[in-house]
Amino acid sequence: MQNPYNFVGVLILAAILLPVVGLGVAWLVRPHKPNPIKKSTYECGIEPIGETWVQFKVSYYIYALIFVVFDVESVFLFPWAVAYNRLPLYAFLEVVIFIAILFFALIYAWRKGALKWL
Amino acid sequence: MTNFIWLAIAFPLVGVVVNGIFGRKLGRAANGWIAVGTVAAAFVVGVLSFLQVPSLPEHAQIVPLWRWITIGDFEVYLSLLVDPLSMLMTLVVTGVGLLIHIYAIGYMDHDKDVARFFTYLNLFIASMLILVLSDNFLGLYVGWELVGACSYLLIGFWFYKDSAADAGKKAFIVNRVGDFGFALGVFLIWTTFGTLQYTNVFEAAGDKPVAVITAITALLFVGAIGKSAQLPLYVWLPDAMEGPTPVSALIHAATMVTAGVYMIARSNVLYALAPQTSTIVAVVGGVTALFAATIALVQFDLKRVMAYSTISQLGYMVMAVGVGAYASGIFHLVTHAFFKALLFMAAGSVMHAAHDVIDMRRLGGLKAKMPITYWTFVVGGLALAGFPLTAGFFSKDEILAKTFEANIWLYAIGVFTALLTAFYTFRAIFMTFHGKPKDAEVYEHIHENKPVMTVPLVILAGLSIFGGLLGLPGGLGLPNWLDGWLEPVFELKNMFVPAEAVHTGVGTEVGLMALSSTLVILGIVAAWWVYLRKPQIAEKTAQSFAAGYKLLANKYYVDEIYDALFVNPARGLGVFFAKVVDMGVIDMVLVDGTAKSVGYFGRVMSRWQTGYIRNYVVSIFVGAIVIGAYFFLR
Amino acid sequence: MVPTPYYLLLAAVLFAIGAGGVMLRRNTLVILMCVELMMNAVNLTFVAFSHELNDMTGQVFVFMIMTVAAVEAAIGLAILVELYRLTRSVNIDEFNSLKG
Amino acid sequence: MVEQIVFFIFTILVLGGGIGVITTKNIYYAALFFSASLSGMAGYFVLLNAGFLAAVQIVVYIGAIAILILFAIMLSRRMMTTKEQQTNRQTWLAAIASFLLFVALLGVVMQVTWPLSAEKHADNVLVLLGMSFLGSYVIPFEVVSVLLLVSLIGAIILARDIQTEEGRE
Amino acid sequence: MTAIEIPALNFAALLPLFIVVGTGLLVVVLDLFIADKKSLGWLSLFGVILAAIVGNMQQGGAGFDPAFQNVSLLDGYANFFNIIFLSTAALSILVALGYLGRVGLHRGEYYALLLFATSGMMAMGMATDLMVVFIGLETMSIALYVMSALNRHSRPSGEAGIKYFLMGSFASAFLLYGMALTYGATGSTNFSDIGSVLTAGTVAPMAMLGLGLLLVGFAFKVAAVPFQWWTPDVYHGAPTAVTTFMSVGAKAAGFATLMRLLMVSFPAFAVDWQLAIAVLAVLTMTLGNVAALAQKDVKRMLAYSSIAHAGYILVGVAAATTEGIKSVLFYLLIYAFMNIGAFAVVGVLEQKEAIGTKLTEYAGLARKNPWLAMVMALFLFSLTGFPPLAGFWGKLYIFRAAVNADLTWLAVVAVINSGVAAFYYLSVIVQMYMKPAADDAPEILPSTPATRIALAVAGLAVVLIGILPASLVDMVAKGVFG
């Protein structure tokens, strides 16, 4: 039973149990008297205006895009790091080319102002 | 210089391009001189390579140009052949062509469409050179067709004149009939030999069955009949006189019509291996010579007389190559080119001076007014008739000598035709230049032409006299340069056919020459007697042999027979097809039908293109399933 | 030890669901998700075969497919955003002005 | 025995998620179902001895792509509320077609005699992965970087706001 | 675990690819700093030509060992395709230089995307492993999705992008599934290994289905029926400069990989896929030609005509002989010049958005701009297959390959189709030469020098190959079989 994934299983189990148990017990014990005022969305006490969903700025979306690209890049570097000692020297050169190309991507994104958050 | 021979073709083509595109802007004079310049350049190239030929290994060199078509094993190379025969022809074509171009500048100076004329003329020279210089039958065929097309364009040059347009059409159609046979011959060569190169075909000719060779040569001869206006496909040549005179001189005297003779001479190996075809060729040649000469007797249009005389002389050449005397055939071709071109141009200068009047009955007594034209015309006439020591005499006599050895009956026809030739030639001379001017109005404004027209006449007259030196009769121990020159081309056939060893003794040679010269002189005197001394004899003989005369006058009603046999039924059939089949069946059912149905399908298909992505996705999905299932269940 | 055909079967079902989804839904985003599902099904097939054949190429291929899936998602959504700005809708059926 | 149960759980996750994506009206829920299905898939990878792939699946697929789709959903928020008919008339056609595909794939899987090979499974998967990446499959490795660059440029050109773009030019 | 030995890497073989990618990177960086986009265009053109020269020089090298163990192979076949791709790229850049400015689309990134797409195609051409094929295909497709959606202000362009994207990803899912099944059946993703396993072993049904699905993926890329629905809409919607590049590049890359795959890895199933491709060919030709008849818009008509041409090329592929491959290579090069020329002319005539591409708007072009009309007529005649021009020889060699592989019925169908095709090509020429110019017709903007060079080069190529087909056939034969 010393399968390394047991720990992962236990961890997932704990992750699911904690919120479920917390909310579940609260949901069971609290009194249930709904009235319209209580039901309305709370916005610092003043009357909520417009849609609940606020206008979404595009730059957030672009930020997510860039995250995807560089996330995938990092994943690719993982096996290289692990197998570094077994690989001949020019493997290092290949990875340098890989990173260089994506460095261009970074410069492009940065110059085009995609990284500005606000 | 020989491997730049393709320049000879390229120069005229340059002329075609320059005159063709920039013609109008350049102005008439420039057009003329550009055309003359290009032909002159071609002539210079021809002469230079002509001089180099003897130094070539066995006198021949193939100049490859580029690889034209490769479809599987059918490889066609465009390459030119430089050898004695092709060089000789090049010189004739470019040399005579040059003189005619110069003459044409004068002749066409008041015509408004000169650019187009010189473009066609240059194109003709280029295509004739392609025909002559090509080293394979396909090149020959291409040249053959191009030359036919040029003759159509040039005959129908004054297309606004109905007669000219009809003549052009007639020439083209009759030529096409001949070309049909020629094309079949080329295909047959290709199927039997697997190649069209002259050298390969002639080397392999020996071991092919004689029947096939006979078939090939017969088919090729059909082409020659069409192109060189032999019986029965000669009808287009007389009508071709509708074209401007330089055209008649160049195409219908010196070059194009001789293509048939050149072709037979070039494929001498095949004809040597097919004796039956050769005899047919000789007989057709002889009969045509006689037939045309008889018609020429009664013609009143000076150019038509010359046309029939060309047919007759071509008959001689065909007879010569028929009996195996290729060298003498070519010799007569060369000399004929000189004096016939001269006669046509002289007739043309008469026409030019008399404002397009060419009917001999209205001309007369021009001797005083046009001395140069008159004397050059006489020299040409003497050469044509075969007066002793002129070029015509030596070449015609050599043919008669060779025919004498081969077939006595053909010799008889040949000699009698020589007599008729002398008669009608001098009939024409006496009626136009001697005697009293019959039409005062025409006569009074006749004047000698400008030097640009007369100088070529004088040059050609010189050639007509000294042309004979090319091939003095070998029998008398005199040097026959031409035989020697053409020997390498024709010696290949000796491998297959033992050269006829028999040589007429010196005595018979002299005897034959004496006989033919007496006949010629007799002919001239008879013509003088009938037309100058007692003009009324002509009318009397005409009445007495009324029937015979009418027959000849109407050219044996050949045109009428052809119309009845071929032309009208063909036109009728055409009308039928046009009306019933074409309108009814094809237009209604097939063409419109398919167009509508295909159009309908088109609209259906484009409606399927709905623009909704989900329809597209479903079709991809279904397609994938169908293909998957297909592969899966295999 | 779960035998491999189970995985292949499962992958086939998921692929079919994904394909069905692409044909079914009108919202482009959902279609995009379905395509990603199909890609996932293929990944599963590859890993199952790699596990079965005991050869690494399968897993390397899955790596590639994942990056391509990520890139496709990024580009697909970018084009969708551009169209959304023009047409204020992500409903696939509204994108049919090109036809005939 | 434990493996069968775990396999069963993951199957529920994957297929449930898949069907969920297709059927829910609300696309926000569709995104959630989608993530569930992806996590189930990660579980499978663990079972098939491709641990690193499971990690990559979670990090890249759920962590990046699902989030990206969520961002997109947030961007076109208007769709969230309207409940118009999400599916089109092709429901039946899609169902039949997907079933047919499933049958074809089923047929194939049935025919192959299993198992093909039963050697012991390697343990150092990650090292082998690294070596193959930089060894025989080095061209795909480099072309992937070009692919990522292209996608970044493309995404930025298309998605950038028109105002900012005019401002920058 | 099989130990993976690291191969001696042969970077020299990849030089052309490196040059193209390098130029792309350079253009990306420079675009950030300099405002004049045209110079970027000329820079990328220089890069493409340099790559072509280097590619040719290398190919001659004796003992040219395949690059990268057996993942990709730069042999004669790949090098000939490199020539096609690079010449397409060069001509497309020239057309773009003229066209983009007018449509307000002038961005440096366009040229970078074009170069990266070309590098994707070259990777596909060289690929002998399913993975390289997939990655190359995706790089090319992604770049093309972005390029077709590039015009942010025009809805058709956006729609073209989204349609091409969705259909593309859907079809590549099927392609992947096919690759997975083939990998499962044969245990390797390398073409030659697959081939050897299949010829040796019994016929595995999984490999058959794998081949089927692969065929689906490539049939989509090459726009064969029933997967060609996207082509008319996308070609019509996308900016003309992109359509020019896309219509030739993507198709040629698809054919390059399809043929290498079929001939190297699936000879064992030759009988099966030969019939399948023959059927696809017939469907594609017929639908392409027939649908084109009903078109009112020249650009859309050319899209359908490119589908029809894919059908003709499929005939060559169906022949499944080395002669078939040679004829397809020959045809693709000619098709590249003809098609780019035709689309370039459409580009010159196109005004803002959809004005200027309607058939009626071509009326009387011969009077307004005789040179343009003449060049367009030249391309259309060549597309129909009139004898003296290159198109005729291309079709001739393909039909001959089909007849020699005793698929005579296929050749007959193809000839009939060419007949039908003549109708809609000539209808354009009729509009140009015989119809009077409509007085309200849009005035033609002067074409820039770059487009004129492109038209001249394409026109010259079409005529020259027409007159001297033999020399090009030798080059192809030498190229493919070294």
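Per-chain residue numbering starts at 1, and chain names A, B, C, D and E are given in the order in which the chains are listed.
The definition used in the following text is that a contact is a pair of C-beta atoms (placed from the backbone, for glycine too) under 8 Å apart; a residue touches a chain by one contact, two chains touch by 3 or more.
As the structure is a computational prediction, the values presented were derived from the model and not from experiment.
Apart from chain D, which is left out here, the chains connect through touching into one piece. Where touching is counted per the definition, the chains common to chain A and chain D are C, E.
Contact tally for B-D versus D-E: the pair with more C-beta pairs in contact is D-E.
Farthest chain from chain C, judged by C-alpha centroids: B. Ranking all chains by how far their C-alpha centres lie from the centre of chain E, first place goes to B.
Relative to the centroid of all protein Cα atoms, the closest per-chain Cα centroid is that of E.
Remark: chain C and chain D have CA centroids separated by 6 Å (rounded to whole angstrom). Chain centres here are Cα means. That of chain B falls 52 Å from that of chain E. Averaging Cα coordinates per chain places chain A and chain C 20 Å apart.
Mean C-alpha positions place chain A and chain B at a centre distance of 93 Å. Residues of chain D in contact with two or more other chains: 56, 60, 64-65, 68, 71-72, 75, 88, 90, 93-94, 97, 101, 104-105, 107-108, 112, 116, 122, 128-129, 131-135, 137-138, 140, 144, 146-156, 158-159, 162.
Touching of two or more other chains is recorded for residues 606, 609, 611, 613-614, 617-618, 621-622, 624, 628, 632 of chain B.
Residue positions 1, 4, 6, 9, 21, 25, 28, 131, 135, 138, 142, 145-146, 149, 152, 161-163, 166, 170, 181, 184, 187, 205, 209, 232-233, 295 of chain E each touch two or more of the other chains. Under the contact rule stated at the top, the pairs of chains that touch are A-C, A-D, A-E, B-C, B-D, B-E, C-D, C-E, D-E. Across the complex, chain C is touched by residues 1-2, 4, 130-131, 134-135, 138, 142, 145-146, 149, 152-153, 155-156, 158-163, 165-166, 169-170, 172-173, 176-177, 179-181, 183-184, 187-189, 232-233, 236-237, 295, 300 of chain E.
Contacts from chain A toward chain C in the complex involve residues 58, 61, 65, 68-69, 71-72, 75-76. Those residues of chain E lying in contact with chain A across their complex are 6, 9, 21, 25, 28-29, 32.
Within the complex formed with chain D, the chain A residues making contact are 5, 8-9, 51, 53, 56, 58-62, 64-69, 71-73, 75-76, 78-84, 86-87, 91, 94-95, 97-98, 101-102, 104-105, 108-109, 112-114. Only residues 19, 22-23, 26, 92-93, 95-100 of chain C touch chain B when the two sit together in their complex.
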